[in-house]
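These are the structures, in structure tokens.
Each of the next two complexes has subunit A plus one more chain, namely subunit B in the first and subunit C in the second.
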Partner chain A sequence: MGHSNVFRRSIYLFAAPAFILYIVFWVTPVGMSFGYSLTNWSGVGNNPRFIGLKNYEYLLADGTLLNLVKNTLVYALFTIVYGNIVSLVAALALDRASKLTGVYRTAFYLPTLYSSIVVGFVWGFVYMPNYGFLAKILAAIGIGDPNLLGNSSSSLIAVAFVDSWKAIGMYAMIYLAGLKNVPEDLIESGLIDGCKWRHLVFNIKLPLIAPSITINVVLGLINGMKSFDYVYLLTSGGPGSSSRTIMFGVYQTAFGENLFGKAAAIAVVAFLLIFTLTIFIVHFLRAREVEA
Partner chain B sequence: MKRIVTVVLAAVLALGGAWAQDANKPVTVSFMCTARPKTDQKDFYLDILPQLVKEKYPNITVTVDTLPTDQYKSAIKSRLAAEEGPDIFTWWAFGLIDQLAKADYVRDLSDLSFVKSMSPSLLKGFTVDGSIKAVPRGTTFLCVYYNRTLFAKAGIKALPADWPSFLADCKKLKDAGIAPIVAADKDWVHIQYMLYAAASSVLYRDDVDYDAKVISGKAKLTDPKWIEIINKMKTLYDDGYIAKGSLGIGGEQAFQIFNDGQAAMKIDGTWDIGNLTKKGAVDFERGTFSLPTNDAGKSLIMPFSIDSGLAVNKFTKNYDAVKKILEYWYQDGSPLNKAFKASFTPAPPVFGGVSVLPLFADYLGPRKAAQTQYFCNAYWPDGVAQELCVKFQEYIAGMAKAQDVAAAAERKLREIQAQTAGN
Partner chain C sequence: MTARRTLGSALVDLLIIVFLAINLSPLIVTLSNSLRAPDDTASPFELFRSLNFESYSLAFRKIDYFTAFANSVLITSASVVAIIVVAAAAAYPLSRIQTRPSRALGLFFLAGIIVSAQIAIVPIYRVFKVFGLNQSRLAPILMYVSGSMPFCIFLYTGFIRASIPVALEEAALMDGARAFRRFWIIVFPLLVPATVTIIVTQGVAVWNDFFMPMLFLTKHSQKPLTLAMLGFMGDVESPTQWNTLFAACYLCTIPLLAVFAALQRHFVGGLSLGSIKG
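Our next item is the complex of A and B:
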């Protein structure tokens, strides 16, 4: 049974406004970024000069691009792995009915509601060497101050930890929603067959919440690849460039060095990287989803 | 005849009325600056400026916006690129005003009556191709803020006049169990204060035109002088004179440490006087002096520069109102001028003197006889300072050498110059 021409025309007509907005505010700026990446536009004046692939050459020559991509991938990997493991454990715990379930769920979700500025500012004082909360706690138990943000080997992970801490509540809620959709009769069948708790989790619940895992992993990947807030607030990409991520690199190059063309080149690389990784991961995870 | 005269008189009155209405037409003038607003008293820019302008010119309303420095620069440039932006805004001298002038974003203010009586050394920083592109607000300098109580406790009776005596005083403080210097090395902006303060007595000891040579390529940021500056500052870390864990300490935290009396010194500028004189855990008297990186027997050269000035947007539609405000602002003895002088520290010397604040006595006293020089980054394009300071962070962490720091800054300077050539 086909649709009438009137129906088909109506579809296009109704979709047109959203499509136009999408083209104007998303596709066009992305295309312009590709264009600007081939120029030396400084953001001042309106006469950028075409310089070909020079911006990409500069990025590769001084190791900037490699450092940014490496840091961003490490950041994303940490937030995905740590964030999903902790939020999954939390969701499994919160899935059990108890008198204080509402309180625990609220406590887990609260950090998600705070603004990044507030979270970054507070954690800056938590991490503060010698005088911060963490330093005082470690000193009280006889451990020296690790100066996490001031150490190039730990600054990136310390920043990623803050990002994960804030996002765990959101991931946990998504897992919780997935767990609520696991059919009770499957759980009962498992229990009747003598399954222990770990069998229920690994053989029944986890496979059936695979779509939630896909969502959270993809969200974690995209958020990790777009990481900027906490890098800016906590370390400004330092010490040195040890915690600089791609988006921070775009910001720094555009607004710190007035090299908008070069910043656009970094953004183009980021776009291609996020696009490729997202497609790969979604394809990989979708293939493993099962239905009840 | 009577009728003709009546008609003519009526026409003149009507035109006069219309002109009077135009002159009194409500106008809103937007003003933007990077000032850190005072919260414990009336702030000059947020409160006093709009109020006094309103009292003088009831039809003119001044709206004021402030932003932190790095967001301020990008906000102003973005708006100017769209031919918008505030009518009046503060902007920095030398290289930065050059950039806006070349893009034709700022008006020529040479026609303002008071600029003729301004000190040429102040106007120099805002003059581009013979046109005055902003009016200076005054001067600023880099200095060492110090805790007089802790200095007395360590037995330091006289302020250091050269590098060996500065190191000796740091040792006295350290031996007395006092952290000599707090450094906010997590924020690269604070690292540059230290490096520029250190640079004056080294870079210009035998060449006052060194900065112009760097920009033209005749001198480089990898010259032995720069290696000397970087190594001298590193000495402070190696000898334990900078509070531990400085790479994890940000600007706000460093201010708190100094104000709480937990470190004897902080190298900073006059723009942070508010942050470094806040009440902390202990009360103490503060002073300032110029960081002496000159060798024994050599002259101290003090980093004394021009503070940001007031620029006028080329695209403003309210230039008449803007001109009235600026003339009122700089009219000697006017209420706005008096309020401005009272709020600005140190007081702009163009108005006949420098600050009498006791805080600056130890700095401004020697200044009378000493050679002064603008900050070394005056003509650097944006990006060079950050690269220098970020690489210096790696040097502090032991991941780079002094030569790497200098090379990174030199590479960035030449890259930006190559990219922006011909724009």
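Our next item is the complex of A and C:
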């Protein structure tokens, strides 16, 4: 290291404020969750009693855990697949010289600026049975009201759809940035060789924006696994527990049922699951990226 | 050939416009409804049938807009300033010292990106009680700052490594500048592009978040806009409340839309930087 005289190890002190904040408010609470998950703490009072793995046993035995994990995986998978397909098509359509490109971009990006609470209200109105926007549109063309949120077979996907709807603009901007880096001469030589449009997309553009795909899939996975806002705002996990995701389960168990120990157990499972899945997906996708 | 291209291009334009119209229709309809009198329950399809601000004034009073707006501005600006200073400082050693422990520390910070507040809410609440901060606006601010460290430190570290040559600092070393001065006078001002990305992404995230305030803030005088919005929960089920509810939705969003309109270039540029470095 030629710069060792410039950078002494004492400059690690610059990281001290971040390190302390991160340890105290982010790492320690997660560590404490592991501890609390082995107790029957109710959240009030100061006497959590050690009960071993009982919380985990209960969660497994009554099927709660399986249902939460299954719902969360379906939610994440839907947002990743739907969100990425729409945003990728949008980015490919926007990546060309046109006077309107700027306007289109803004219009695609707009939903990402709305707070999830506002989006929750807006989509509550869209999905509202009988009087809602969707019900009215469907009635106008003679289709009955599907009541998507009130139906246990559709509520989870209906909520995940809202999440994707808001995220598409963000994904599309990341894909557009990736497409900007595809060398112009590669596209030109492809055109000269008489490449069809779909060959340009599948054989040149997509492989070269693989890093953007990695980012968006990983972001989608992490956000999907953390999904809470729209479940809380639109269905409260219902009907029954058909749209309960892991994070909503943690919240409801802690603050609705005052079972903090059990909630911590769900949180621990979530942490381990997200950690494993993220590492797996990053490795899998990174291996497929190519250089321009 | 050119004729075919023009036709194809026009077709793409048409498809984009149709998709956008459908995609944005919930926002357009709610905007149109917010501009009606509170008791106007005509079909939502009669777009922009009136230009009436009564619903806005009703929502304005119901939210106690000035208080909520001031709280949102306070919490967002304090969080973003703290995020920038703390994350940039932390990224400095991580990018300049290239050893195993340094890389490990970088990964340790980055790993936090998978954690969401819900995973830790149980103990977080306790930690803040210990500090006596569980009813303070400082609680959400501290959570935002610590929670955004993974992404922001990662972004700054990549940016310093790629764009700020060590040679710049070597010259300053000749002048006998201490590490703090080198960072603050030479490195930090050059971080502007990354800082813009952080202002845009974290500013929007903090302004729009309702979970942290919901967890900690109960006093009316401390509530930011998103938390004040939570008071409308349930109103979406009664069509007579819609116009006021949607007016409230836009009162909450308009400040951000205005900032976006003013800084649009930075929003898009900032996002692409974030993604390339990521």
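As a working rule, the second predicted complex is superposed on the first by the 276 of 292 C-alpha atoms of A that agree within 3 Å, B and C clash if a C-alpha of one lies under 4 Å from a C-alpha of the other, contacts with A are read in each partner's own complex, and residues count from 1 in each chain.
One rule holds in what follows: a contact is a pair of C-beta atoms (placed from the backbone, for glycine too) under 8 Å apart; a residue touches a chain by one contact, two chains touch by 3 or more.
In this text the structure is predicted, and so the values were computed from the model without any measurement.
Undergrad: Which chain, subunit B or subunit C, is in touch with more residues of subunit A?
TA: The partner that reaches more residues of subunit A in the superposed model: C.
Undergrad: Does subunit B (first) or subunit C (second) touch A:141, or do both, or does neither?
TA: Touch status of A:141: no partner.
Undergrad: Could you look at A:17 and tell me whether it touches subunit B, subunit C, both or neither (first, second, both, neither)?
TA: second
Undergrad: Could you tell me if A:287 is touching subunit B, subunit C, both of them or neither one (first, second, both, neither)?
TA: neither
Undergrad: Determine, under the contact definition given at the top, whether A:43 touches first (subunit B), second (subunit C), both, or neither.
TA: both
Undergrad: Which partner does A:110 reach: the first (subunit B), the second (subunit C), both, or neither?
TA: The second partner, subunit C, only.
Undergrad: For A:124 in the superposed arrangement: first (subunit B), second (subunit C), both or neither?
TA: A:124 contacts both subunit B and subunit C.
Undergrad: Could you say whether A:174 touches subunit B, subunit C, both of them, or neither, answering first, second, both or neither?
TA: Once the two structures are laid over each other on A, A:174 reaches subunit C alone.
Undergrad: Have a look at where A:192 lands relative to subunit B and subunit C in the superposition and call it first, second, both or neither.
TA: The answer is neither, since A:192 touches no partner chain.
Undergrad: Check the residue A:252 against both partner chains and state whether it touches subunit B (first), subunit C (second), both, or neither.
TA: So A:252 only meets subunit B here.
Undergrad: Across the two complexes, what residues of subunit A are contacted by subunit B and by subunit C?
TA: After superposing on chain A, subunit A residues 43, 124-125, 128, 131, 254 contact both subunit B and subunit C.
Undergrad: What does subunit C use to touch subunit A in their complex?
TA: 9, 12-13, 15-16, 19-20, 23-27, 29-30, 43-45, 86-87, 89-90, 92-94, 96-98, 105, 109, 111-116, 118-127, 142-143, 145-147, 149, 153, 166, 169-170, 173, 179, 183, 204, 207-211, 225-226, 229-230, 232-233, 235-237, 239, 242, 245-246, 249, 252-253, 256-257, 260, 264, 267-268, 271-272, 275-276, 278
Undergrad: Can you check the complex and tell me which residues of subunit A touch subunit C?
TA: By the definition above, subunit A touches subunit C via 1, 3, 5-15, 17-19, 21-22, 24-30, 32-33, 36, 43, 90, 93-94, 96, 98, 100, 104-118, 121-126, 128, 131, 133, 136, 140, 165, 168, 170, 173-174, 176-178, 180-181, 212, 215, 222, 225-226, 228-229, 233, 247, 250-251, 254, 260, 263-264, 267, 270-271, 274-275, 278.
Undergrad: Give every residue of subunit B touching subunit A within the complex, in rising order.
TA: On the subunit B side, the touching residues are 70, 73-74, 77-78, 80-81, 99-100, 102-105, 185-188, 243-250, 253, 257, 262, 381-383, 386, 390-391, 393-394, 396-397, 399-400, 411-412, 415-416, 419-420, 422-423.
Undergrad: Given the complex with subunit B, which residues does subunit A contribute to the contact?
TA: Against subunit B, subunit A makes touches at 40, 42-49, 51, 58, 62, 124-125, 127-131, 145, 147-152, 235-241, 252, 254-259, 261-262.
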